[in-house]
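To start, the structure itself, in C-alpha cells.
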Amino acid sequence: MPRTLTLDEVSKHNSQSSCWVIIKDKVYDVTEFLPDHPGGAKIILKYAGKDATSAYEPIHPPDALDKHLPREKHLGVLDSASATAVKDAAQNRPKTKDELRVEAAQATKPPLSRMLSLRDIEDVARQVLSYKALAYYASAADDELTHQENIRAFSRFFFHPRVMRPVSQCDPSTTILGYKSSIPVFVSGAALARLGHPLGEVNITRGCARTGIIQMVSSNASLSYAQIAEARVHPSQPLFFQLYKHRDDRIAEQRVREVVALGYNAIFLTVDAIVAGNRERDIRAPFELEEQEREADKADERKGGGKAAADIPAKQKDGEGVNLLGTAGALIANDDLDMTWEKTIPWLRSVTKLPIVIKGIQSVQDAVLAAEAGVDGILISNHGGRQLEYALPGIEVLYRLRKQRPDVFDRLEVYIDGGVKRGTDVLKALCLGAKAVGMGRPFLYAQSAYGEDGVVRTVDILKREIVTGMRLLGVQTVNQLVPEMVCSL
Amino acid sequence: MPRTLTLDEVSKHNSQSSCWVIIKDKVYDVTEFLPDHPGGAKIILKYAGKDATSAYEPIHPPDALDKHLPREKHLGVLDSASATAVKDAAQNRPKTKDELRVEAAQATKPPLSRMLSLRDIEDVARQVLSYKALAYYASAADDELTHQENIRAFSRFFFHPRVMRPVSQCDPSTTILGYKSSIPVFVSGAALARLGHPLGEVNITRGCARTGIIQMVSSNASLSYAQIAEARVHPSQPLFFQLYKHRDDRIAEQRVREVVALGYNAIFLTVDAIVAGNRERDIRAPFELEEQEREADKADERKGGGKAAADIPAKQKDGEGVNLLGTAGALIANDDLDMTWEKTIPWLRSVTKLPIVIKGIQSVQDAVLAAEAGVDGILISNHGGRQLEYALPGIEVLYRLRKQRPDVFDRLEVYIDGGVKRGTDVLKALCLGAKAVGMGRPFLYAQSAYGEDGVVRTVDILKREIVTGMRLLGVQTVNQLVPEMVCSL
Amino acid sequence: MPRTLTLDEVSKHNSQSSCWVIIKDKVYDVTEFLPDHPGGAKIILKYAGKDATSAYEPIHPPDALDKHLPREKHLGVLDSASATAVKDAAQNRPKTKDELRVEAAQATKPPLSRMLSLRDIEDVARQVLSYKALAYYASAADDELTHQENIRAFSRFFFHPRVMRPVSQCDPSTTILGYKSSIPVFVSGAALARLGHPLGEVNITRGCARTGIIQMVSSNASLSYAQIAEARVHPSQPLFFQLYKHRDDRIAEQRVREVVALGYNAIFLTVDAIVAGNRERDIRAPFELEEQEREADKADERKGGGKAAADIPAKQKDGEGVNLLGTAGALIANDDLDMTWEKTIPWLRSVTKLPIVIKGIQSVQDAVLAAEAGVDGILISNHGGRQLEYALPGIEVLYRLRKQRPDVFDRLEVYIDGGVKRGTDVLKALCLGAKAVGMGRPFLYAQSAYGEDGVVRTVDILKREIVTGMRLLGVQTVNQLVPEMVCSL
Amino acid sequence: MPRTLTLDEVSKHNSQSSCWVIIKDKVYDVTEFLPDHPGGAKIILKYAGKDATSAYEPIHPPDALDKHLPREKHLGVLDSASATAVKDAAQNRPKTKDELRVEAAQATKPPLSRMLSLRDIEDVARQVLSYKALAYYASAADDELTHQENIRAFSRFFFHPRVMRPVSQCDPSTTILGYKSSIPVFVSGAALARLGHPLGEVNITRGCARTGIIQMVSSNASLSYAQIAEARVHPSQPLFFQLYKHRDDRIAEQRVREVVALGYNAIFLTVDAIVAGNRERDIRAPFELEEQEREADKADERKGGGKAAADIPAKQKDGEGVNLLGTAGALIANDDLDMTWEKTIPWLRSVTKLPIVIKGIQSVQDAVLAAEAGVDGILISNHGGRQLEYALPGIEVLYRLRKQRPDVFDRLEVYIDGGVKRGTDVLKALCLGAKAVGMGRPFLYAQSAYGEDGVVRTVDILKREIVTGMRLLGVQTVNQLVPEMVCSL
C-alpha cells in the first residue's frame, strides 16, 4: 500500500537540496539522482516540487524510473484531491503558440490518400510536429551538410535500364539475416518516437506487421522494449535491437539479456554514435522556442491582446542554461567509448547467440575488419549525418567497397542507411550490393503525421516505387539487380 | 434504325449496377465495361446517367467505342428534345476558373511571328493549356529530375567549330529509314494531342507535310489512326507508328495490321513504357485542380461575389479517388510486360514487312542486342524522363555507345530523343552518330499554342538554327558532322 | 551646285514605288536600293518621304551613302525653310520613355574616379545605354550560355603564385605583331560604337593613344576608316583592321586597299562570323521596346497623364516586321561564306603585305592549319559567345592547344578574347601561352559610359590589376609567366 | 617641460604648407611628413589644424609617432582650456548613423553563452562592427572569390571515420615550433584589432593565455609590440611575430631586434603580401559610408527631421579622393618587394636565432625551396584571399604537397590558414599533414563582438568540435590523424 502525499507537501521539496517531482500522480525523490541525469539537473529542477508529467513522458520509456531510481525513492502517490488539482492545472494551462500552431496544422492536414511520396508525408510531419520534436528529428551535425550530402549522393548515380526482359512477375521481397522482408527496406533505429505521436514506436511495430517489413528498435526508444515486443501482431514478427552499449559491461549485458528474453531477433551494435554529434539545431531549440513564444506574446500585446498565454521566463541574460549535449547527447551520455574488435565482439557473442550487425561502418577498412571479426552483417551509416560532419555518405562508401573489396559482400550482409527518399535510391543501393536499406527519419515522420497508417502508407509507396523501378530496369527479383545497371555521372 | 431514348430514361441508369452514358447524343450501356476501364470505374460513374462528351472526347479517339464496346451496348440516340437539352446544358454550364484563365490567355497571346525559339512557344503553351493538359504533357517521373537532366545533359557537350571551309551551300536534310526529311528531326510519338487543341494530331500531320519532316503517331493518339492517315497532304507523306504492344498478341497484331493497311511506313516498338512511370504531377492534377477551383470560389464569395461557378465537390475527406495510374498509366494498362528479343521481334516480323525500330533503348548492352536482333533502328530514349527516374539521358547513352561500340552505328540507324530544345542539341547528337533526333513535347506545345502553324513555325525555327549551326561548324551536309567536333566539358 | 528641294516635294515619295529620304538635310532616292538594304526594306520605308537622320546616323559610317548609292541618286539638299522645319520637328519630338530614362541615368551616374573595376563601368553603361544599344552590345547567341561560359571558364583556372622573387621592377608591356603595347591587352573589333556615344570609335582611338595600347577597328565601325585613322594622336599610333570579307573579291580588295592606304598596320581576317549568330535579345529589342513604350503610356494615362509621348504604332498583330537578322546579321549579310585556307590566304597576301591574323580560331586543328598556312597570328575567339552557342570558350581552346600542340606557339602569335574581365584573366591567358588578350565589350561599355576618359580608365584599371597580379605571382616581365603557374581546379 | 599651445594657434596651421594636428592633447607638425604618409596626405589634411585623435587612434599603435616623427616635430601640449574645448567638441559631436547603428547592435546582441559556432560569433561581429572596420576585416581581393573558395575548398574533402577504437582518452593538444598548444590552432597575424574593440590585440593575448593557444602578432598591430608583450598573463606565454619586412634592411632589423628583446618566440616572415591586394570593398568603404550617411540624412529630412547629424561633405564630383591602396595597402607601402631565398633568409638568420617560418607559401615548388633554405616551418596561406585572386586555397596546396612531396613534412613544420570555420576543417588539414592551423578573421570577429571572453569562447568551441571529431574519427591523439582518413569527393 503506497504512501499518500499532498501537493502541498510535495511543493516544499523544490530545490537542489530536496527535489521531489510528480509523474503520473506518483511522487519521486530525485535529489540524489540530479547529478546523474544525462539531460542535466537544471531541466529537472525546473519541475522541483511540481508535476513533471508532460515534460517527462514523451522522452522516457515507462520503465525508466523503475530501472534507474532505487525503490526507496518512489515515495508514494498523490491523494485524490491533489491528483485532481494537478489534472485541472494541466488542462487549464494556457497553450503555447507552438501548441496552437500544431493543433491548427493537425486540423487541416490533407487526407492520407493524397500522400504520393515520402516527401509529401515529411512535409505534413514538419507542420504537425512540435518545434522541439522537429528539432530533434531533423537536426544533424554542424551545418547539416552531411545530412544533405547523404541525399545528394544518390543523385550522382544513374541507371542503365535494360529492356525486352519479362517482368510481369516481379517480386521485391528479400531476406534480412534470414528473416523475410516484403521489400528490401527495414526501419532503422530512431529514438523517441513519442515526441511525434502519443503511441510512439508501437505505430511502427504495427505498421511493419501489416506490411511485412522489419523494425529495428533503438536502445533509446520512448517505450519500453517490452511494450514494443508486446505490440507485435504475430509472435513471429521479427524485431531487431539497436544496441547502444553502456560503458559498464554488466549494465550492457543486462540490456542485451532483456531483449533476448523478449524475443528480439538480432543485435545491431551502434558504433557511429559513441559521443554526441554537434547537433546545433537540437541544442538551439529550447532557447529559440523561448524566443519565439516571447515574440508572439509581444505581438499579441501590441495588438491589444491580453497577457502572455504561457509561462515564459524573462529573457535569459547569461545563457547558462544552454545544454550543449542536446536531446541526442543526453541519451548516450554513458555509452562505451572504448569498444574494440578484439574485446567487444567476443563479449557480445558471449552474452547472446543472436546475429550481430555492426551499425555505423564508414570506411572500406572497417568493413573488412568487420568481416574478419566474423559478424553477420554491417550497416554502412553515418547516422543520418547526425554525428561527424563530412563523414562520407553511405552510398559512396558502398560504391568504394564494391570496387575495392567485392569479397566482403560474400562474407556478410551489407546494408546502408542515410538519405533514402525514393524507391530508386533503394534500387541503386541494391545494384551496388546492399542486401537491404535502412530508413529512420521517414518512419518517424510517417508515424508523427498519420500514426500507424502513415507507416503502412510509407511502405506501400516504397513498394510501388520499387516494383515500378524493378520492372523498368528489366528485373524480376532483387538478386537480378547488378552493379552494371548503375553508373556514376 | 437506332432506338431513340430520352434524357429522363438515361438518367435512371446512374449507378454501378446499371450505368449508361451519353456521348455525342448517342447512348451507351457501359455497366459491364466498368471494371475494365483503364482509367478506373470511378471517373465513368461520375457521369452515370448523364452526358459525358466533354470529358470523353479529348482523350479517346472517335473509334474507341466501336473497338472496345460490343455492338449491343450501343443502345441508341437521344430524341431531339433531349439532345437540345443536353446541348443547352453544356452551353450554359458556368465556366470553371481554369477555363476562364485559358480563354484570357488565348486572347492575349503574342502573334506567332514573335516566336523566336521553341522556348517562346512552350511559354505560350503553358499559358493556354488547361491545368489537366499541362499536367499530362509536362509531367515526368518522380521529382522530374531526369526530365531536367535530359536537358542539362546537352549543356555538358561543347563544340570545336571548324573555320575556313565553304558553307554557302548548306543542306540540313537527311533520310530516316530511307524517307527524306528536310531536317534531321522527326516528331516523336506523343499521345493525346486533343487535350491541347481541338484538331489534335492532325495539326502535326499537316505541319509535317508543309515542312517535309516525319511524324510518328502514338498508339495512344486522341484521333483514330485512320483520321491521321487521311490528314496526309500527299499520299506519299510518310508516317511512322509508335506501337504500344497489347499483352494479347492477337489484339496487338490487329493494331499493326490496321496501320499497315492505312499505309504507315515503319513500326517503332515502344519498350521503355511497359508500365506507367510515377508521374506525380499528372496524378495530383485532378485533386489539385479541385482545390484550386474551391479556393477561387471562396475568394469570390469573400469578395461578395455570387455562388461557385462550377460544380465542385465538397472537400474530399479520404482521398479514395486518387488514381495512382494517372492519365499516362491508364493508356498502357494492358500492355505487354513480357516482351523479349527472342520472341517479340520474330512475332512482329511475321506480322509486317515494315521497318522495325526499337524505341526506348537505354544502355549500350541493349543497343548491341538490338543490332544482333536485326532490327532497322533504335531510338535511344528514356521516354522524356517520364518513366524511370535517373535513367541515363539519351545523349549520354549515345556518347557511351559511340565510345564503346562504334560498330553499332554501321548496323542500324540510331536516333535519340529527350531534352532537345535547340538546333545545337540536334547537331551534338548528329556529331555523336545519331541519324536523326526525335522531339515530342515541343510539337505538343506548338500545336496547343498555335495549331498547325505552330508546328510549321517550330520546324522553321529548328531549320534556321540547324543551318546556322552547321555553317558555323564548317559543314555543308549532315554527314560531315563528326565526333571530333564535340567534347564533354 | 546641288538641286534644292522642299519638304513637301520629298513627302510625296513615300512608298515602295518611289522612296526618298532626308539625311542631314540631303535628299536621296533609295527606291532601287530597297531590296539590297541588309537591314531590310521595311525599316527604310518607315521613313519614306521623311527625315531619317536620327535612325540612320548611329549605325552607318558617314561615307556609307557615298560608297553604296550611285551619284545620281543623291538628289539634292533641302531648302532652308524645309531644313528649319525638319530641325524643329526633331527638337520638338516628344522624348520616348527610354530616352527619358537614359537622360536621368546620365545625370546621376557616379564620377569616373569611383570606377574601381571594369564591372563598375559596365554597370554604369547598362544604365546609360539606350535599350537598342544595350541589346546590340550585350546580346549573344541563343540563350547566351556561351557568353556566360566564356566568363565562367576563367574561374576554373587557379594560380600557383611564386614568392621570394624580386618584383619591385615590374613591366607589364609586350609587343603585338612587333608593335609595342603598354599592357598585353588590345581592343578587339567591336562594331557600332556610335550607338553608345556620339563620338563612337574615336573615343577608343584617343584612349588607346593616351594609354599605349592598340585598337582593332571593325569593318562595321560606325565611323569611316578614315575618320578613325585621322583621330590618331601620333601618326605612328598602330591600328589593326578587322576584316569582314565581302563575298565579291573585288569589293573586299577595295576595302583592304583603303585601310592599307590609311596606314592601318595589320589585318585580322574574321572567320567566326560568316553568318549571323542567333542573337535573340538583339532581334527582340525592337518589339520589346515598342511594348515597353506602350505599357509606359498606358500607365501614364491611368495616372491621368496626357497622351502618349512618342509616336508608337498600334499593337502589331502579325509580327511580320520581325527581322530575324537583327542588327548584327544586317552588318554581315554580304560576307564571304566560302573562304578556305588554300584560296583566301594567298588572295589576301596578294593584296597586302601587312601581317595577317586569323580571328575566330576555335579548335586545335584549325590553329595548326593556320600555322601551316603561314599566317602571322591567330586570335582564338568564339566572337564573344555571339555566334555558335556552345562553342568552346577561348581559354579552354588555348589550354588544349598548349597541352596538345605547344609547337604552334613558336610558329605564330596566339591571342584570345572573350570573357576577360580582370587582370587575373589576362594573366591566366598569358601563362598558357597567349601573347596578348583582346577585349571588345568592355571598351564599348567604357566609351558609352564615360567617352574617351572611360577608355583610359579601363586601361588604367587593367594595368594596375595586371601589375599587382604579376608581382604577387613573382614575375617581373610577361615572358616569365609560364604554364606551371596555372592549374585547372 | 613641453611647450603649451592654444587651439586657436593650432588652427592656423591648417594647410599643406603648414599642417599641425592634435592627438590626445599633444600637438604635432606633420607638414614634412605629409608626402610620406602611407595612407596619403589627403586624409591628414582633413584634420589640419584640428583634433585628429578619433581617426588616428584605432589604426596606429601608440608608439607610431615616436617611431616615425622626429622629436622636434612634437611641438607641445594643448593648454587646459583648449584641451577641455577639444574634449567637449568630441563629446558633443552628433553621432553618425553608423555609430548609432553600432550602439543599437551592441545593446541587443545575444549573450555569449548562446554562441554555439564561430559563425554565430561572426554574425554578431558583423552587426556590432563599424562599417569601416567590417570593410577592412571582411574585404578580400577583387570579387572575393578566393576568400569564398578558401571556405568551399574544405567542403570538397570528406572523411573515412574509423570505428571500434578506444577514444575515451582523447588529447587534442600539440606543439608548434616546440611550444605547447592546447589545440592544433594558432591565431594568425591579423592587423588593426582596435578597429573592432578598444582593447584590440590584448583581448587576443589574454584569451590565448586562458585557453593555452599561441598568438601571432602582426607587424601592423594597432597596439605596440611592447603593449602586447606586457599583456601576457604568464611570462612564459609564447608569442609569434608576423614580420612585414621593411625595404630598408636597417629598419627591418630594428623591428626584429625590438620583438626579440620583448621576448617574442618566433618570426613568421610574410611573403604573400609584399604589395597590396586589390581589396575593393575596403577601398570603397569611405565613399560608400559617405553615401550612406547622406542618404540617411535625406531620409531624416524628408520625415521632417532636423539637420544632418554629422558633418558630411557635399557629394563628391570628381572622386579624386579615392585611395586605391585602401587601409591594407597603406600598412605595407614600404615593404620589401625584392626578398629572395638567397639573400633574405641569411639576413634574418644573422639578426636573430629565433625559429623562422615563411608565411605565404602557395605552391609545391616554394615549399620545397623553403625546406632547402632550412627554415623551421612554412605557413601555406593565400592571405585569407586578400592578395591574389585565384591563388589556390591552402588546403588544396597542402593536398598537392602531400601527394607530390611528402618528404617536405619531415623537414619542417607545415601549417595552413584560410577558410577555417569548424573543427572538421582543422582535422582535415591535420590528416593531410599540417602540424597546426592558423585562424585570423575569426579571432578579430570574436574580440570585436565579445572582447577577451569572445576569444576564449572561440577556442572552447573549436576544442569541443575537434575533440568530438577526433573521437568520431577513432583517434586519441593528433598524430593518429593520417591521410587515409580523408578523401576528395
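Letters A, B, C and D mark the chains in the order given here, with residues in each chain numbered from 1 onward.
Criterion: contacts are C-beta pairs under 8 Å (C-beta built on N, C-alpha and C of every residue); 3 or more make two chains touch, one makes a residue touch a chain.
Computed from a predicted structure; not experimentally measured.
> Please state whether the interface between chain A and chain B is built from the same residues or different ones, using more than half shared residue numbers as the mark of same.
Different-residue interface.
> Give, as an integer number of Å, the spacing between the C-alpha centres of chain C and chain A.
Computed from C-alpha means, the inter-chain centre distance equals 64 Å.
> Chain A to chain D: how many Å between their CA centres?
45
> Where does chain D touch two or more other chains at once, residue-wise?
none
> Give the pairs of chains that touch; include all such pairs.
Taking the chains two at a time, the touching pairs are A-B, A-D, B-C, C-D.
> So in the complex, which bits of chain B are touching chain C?
For this pair, the touching residues of chain B are 110-114, 116-117, 155, 157-168, 422, 424, 428, 464-465, 468-469, 471-473, 484, 487, 489.
> Can you tell me which positions in chain B touch chain A when the two form their complex?
142-143, 145, 271-272, 274-278, 280, 283-284, 287, 316-320, 322, 324, 337-341, 344, 358, 360-366, 369, 382, 387-392, 396-397
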